[in-house]
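Here's the structure, in C-alpha cells; my notes come after.
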Amino acid sequence: MRLRIRPVESSFYDMFSEAAAHLVDGAALLAQMLDDSSDKKAIAEKMREAEHEADETTHKIVRRVNSTFITPFDREDIYRLAGSLDDVMDFMEECVDLLGLYELEALPPEFAPQVEVLQRATQLTAEAMPRLRTMKDLEEYWIEINRLENQGDRSYRRIVADLFSGSYKSLEVLKLKDVADSLEHAIDALESVANTVEQIAVKES
Amino acid sequence: MRLRIRPVESSFYDMFSEAAAHLVDGAALLAQMLDDSSDKKAIAEKMREAEHEADETTHKIVRRVNSTFITPFDREDIYRLAGSLDDVMDFMEECVDLLGLYELEALPPEFAPQVEVLQRATQLTAEAMPRLRTMKDLEEYWIEINRLENQGDRSYRRIVADLFSGSYKSLEVLKLKDVADSLEHAIDALESVANTVEQIAVKES
Amino acid sequence: MRLRIRPVESSFYDMFSEAAAHLVDGAALLAQMLDDSSDKKAIAEKMREAEHEADETTHKIVRRVNSTFITPFDREDIYRLAGSLDDVMDFMEECVDLLGLYELEALPPEFAPQVEVLQRATQLTAEAMPRLRTMKDLEEYWIEINRLENQGDRSYRRIVADLFSGSYKSLEVLKLKDVADSLEHAIDALESVANTVEQIAVKES
C-alpha cells in the first residue's frame, strides 16, 4: 500500500538489507578469528573488503537521501540508521585491525561469548531490515537486541574482570581490553540500530 | 492551562519524576559505598533493584509514548530524556558492579567529590522534573548542572592524575580508572538530561 | 536572497565562524606543544583562555537561539552544531590539561600527525562556516573532513600500537594513551561538525 503510493523510494529497504548483510559477513569473519588454525591475514583482508563494501552501501544510502524528494521515513532517521549500521562494521573491523596491530595471534577463547552475541544480533538485524517496508513484527526484534546487548555487557564485564585478575601481563591487559572494547562498541551500535528502528516504527504507527 | 487542553498525557511528568527519584536513591547508595563499615553486598543488591526499577519506569514511559496520541512534547525528546535518565542509573549501577567484579573493598575516599556531585545533581534533577509541567524556573537547573559537570570533570582529572602518579600498582590503576570513568559517565548523562530539558524548554517557549 | 527575507538571524553565521576561529587558535597552540623549546605553561594558559572564549561564543549562540523567532535553520541543528564545535575545543584543552596533570614535558613527536590533522581540519571548518550563508560549496568540505578523520584514525592506531610495543613503562603508556585519546576525540568532534553541516545542507536543498 505504502509502496503503491510512493514507489520511488522502495529501494531504501533493499539498501538497509544490504548494509545488514555486510554485518552478518563481518561477524562470521570475527568467528573465524577465534579459530586457532585459520589464516588470520586472509581473514583480516576479507574484513577490510567487507568494511569497504559497507562504506559503499552507506554512501549509496546518503546519496539517495540527497537526491530523493520523498523518503519512506524522515531523512534524519535514515541518516541515523545508516550511520549506526556503518558504526557496527567499523567496530568489527577495528577489532580485527587491533589484533594485527598489537601482534595478537587470534581472538582468545574468552571472547567467544561476545562474538556469539554479535553473530546472533547481526542475523536478527538482517532479518528485521526487510520488515521496515511493512513496519510489522519489528517489536520482537528490538526487544531481543536489547536482551542480547545486556548479555553482551555481562560477557564484557566478565572478560575485563578476568583481565584484571592478575594472570596477565600489564601490556597484555591493555591490548586485550581494547579488543574487548571494540566488540562491546559493535554490540552497542547494533542496539542503536534497534533503537532507531523502534523510533521510526513509533512515528509511523 | 496546558493541562486543561491536553489532560491525557499529564502522567508523563509523574513518570519522569519517578525516574529521577530512582537516581536520587542510586546516588545515596553510592555514598554508602564510600563508608568502610557498610555492608557492600547488601548495597550492591539494593543498587541492582534500583536499576531494575528504573528500567521499569523507562519501559513504562516508552510504552506510554507508543500508545498516546498527543504527547506533552516531541516524542523524540521524550525518548531522549527517558534514555538519558536511564543511562545515569546504568552508569551508577556499573560503578557498584565493577567494585564487586574487581574485588575492590569500597569506593576509595578520593572518589567522594565525584559522588557528591552525583548526589547534588540527581537531587536537582529530581526537583526539576515536576517543573516540566509548567516549563517555569528550569534555567537555573540546567545552568547549575552544567556547573556541577565542570566540577565533576575537574575531580575526575585529579583522581586520574593521582592514579597515574606512581603510588598505585598497575592493575590497581586500571581498576580504579574504570570506576572513576563510570562515575564520570553518570555525571555526563545527567548533563545530557539537562541539555535535553533545555532544548525542550526552548522549543516550547 | 535568504538574507533579505530574514535579516535578523544573519549573525548566526558570524557566530559559527567565530567558534571555528577559536578552534584554529587551539590547534595552533597544540602545534606549539610539540616544540620542545616552547614555554609550556604559557601555552597552557593561552589554551585555557581560548577554551573560555569558545565557551562564551557557544553561550552567545544558545542565547540567540532562545531569543530569536526565526532561525536560519532548525533550532536543533544550531544546538548540535554549536555543541560539536564546543566539544572540539574541550578535547583540545583536555589534551593540554592532561600534559600538565600527568607531568609530561611536551607532546611527543609521535603525536605530530594527529596535530596536523587537527590543524588542517580546523582550518577547513573555519573556511566552511561562512559558506553556511549560501549553502554553496560545502560538499567538498565534509568529504575532506571525513578523509582527514580516517587519516587521523590510522595515526591514532599506529600511536597506540607503538605505545603497546613494550618500549614504554606501564604508567607512561596509560598517560600517553589518554593524550592520544583526547586528540582522537577532538578529530571525531570535527567530523560531527561536518556531519551536522551535511544534514543541514540536505534539508535546505
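Order as written gives the chain letters A, B and C; numbering starts at 1 within each chain.
Methods note: contacts are C-beta pairs under 8 Å (C-beta built on N, C-alpha and C of every residue); 3 or more make two chains touch, one makes a residue touch a chain.
Being a predicted model, the structure only gives us computed values, none of them experimental.
**Q** Specify the angle of rotation obtained when superposing chain A on chain B by their C-alpha atoms, rounded to a multiple of 5 degrees.
**A** Result for this pair is 120 degrees.
**Q** Taking all residue numbers used at the chain B/chain C interface, answer same if over half belong to both copies and different if under half do.
**A** Chain B vs chain C: different; shared/all numbers falls short of half.
**Q** Take the average of all CA coordinates in chain B, do the same for chain C, and state the distance between these two points in whole angstrom.
**A** That gives a centre separation of 28 Å.
**Q** Touching two or more other chains, which residues of chain A qualify?
**A** Where chain A meets two or more other chains at a single residue, that happens at 170, 174.
**Q** Please give the residue numbers of chain A that touch chain B in the complex, ascending.
**A** By the definition above, chain A touches chain B via 157-158, 160-161, 164, 166, 170, 173-174, 177, 195, 198-199, 202-203, 205.
**Q** Show me the residue ranges of chain C that touch chain B in the complex, using the header's touch definition.
**A** 62, 65-66, 75-76, 79, 83, 97-98, 101-102, 170-171, 174-175, 178
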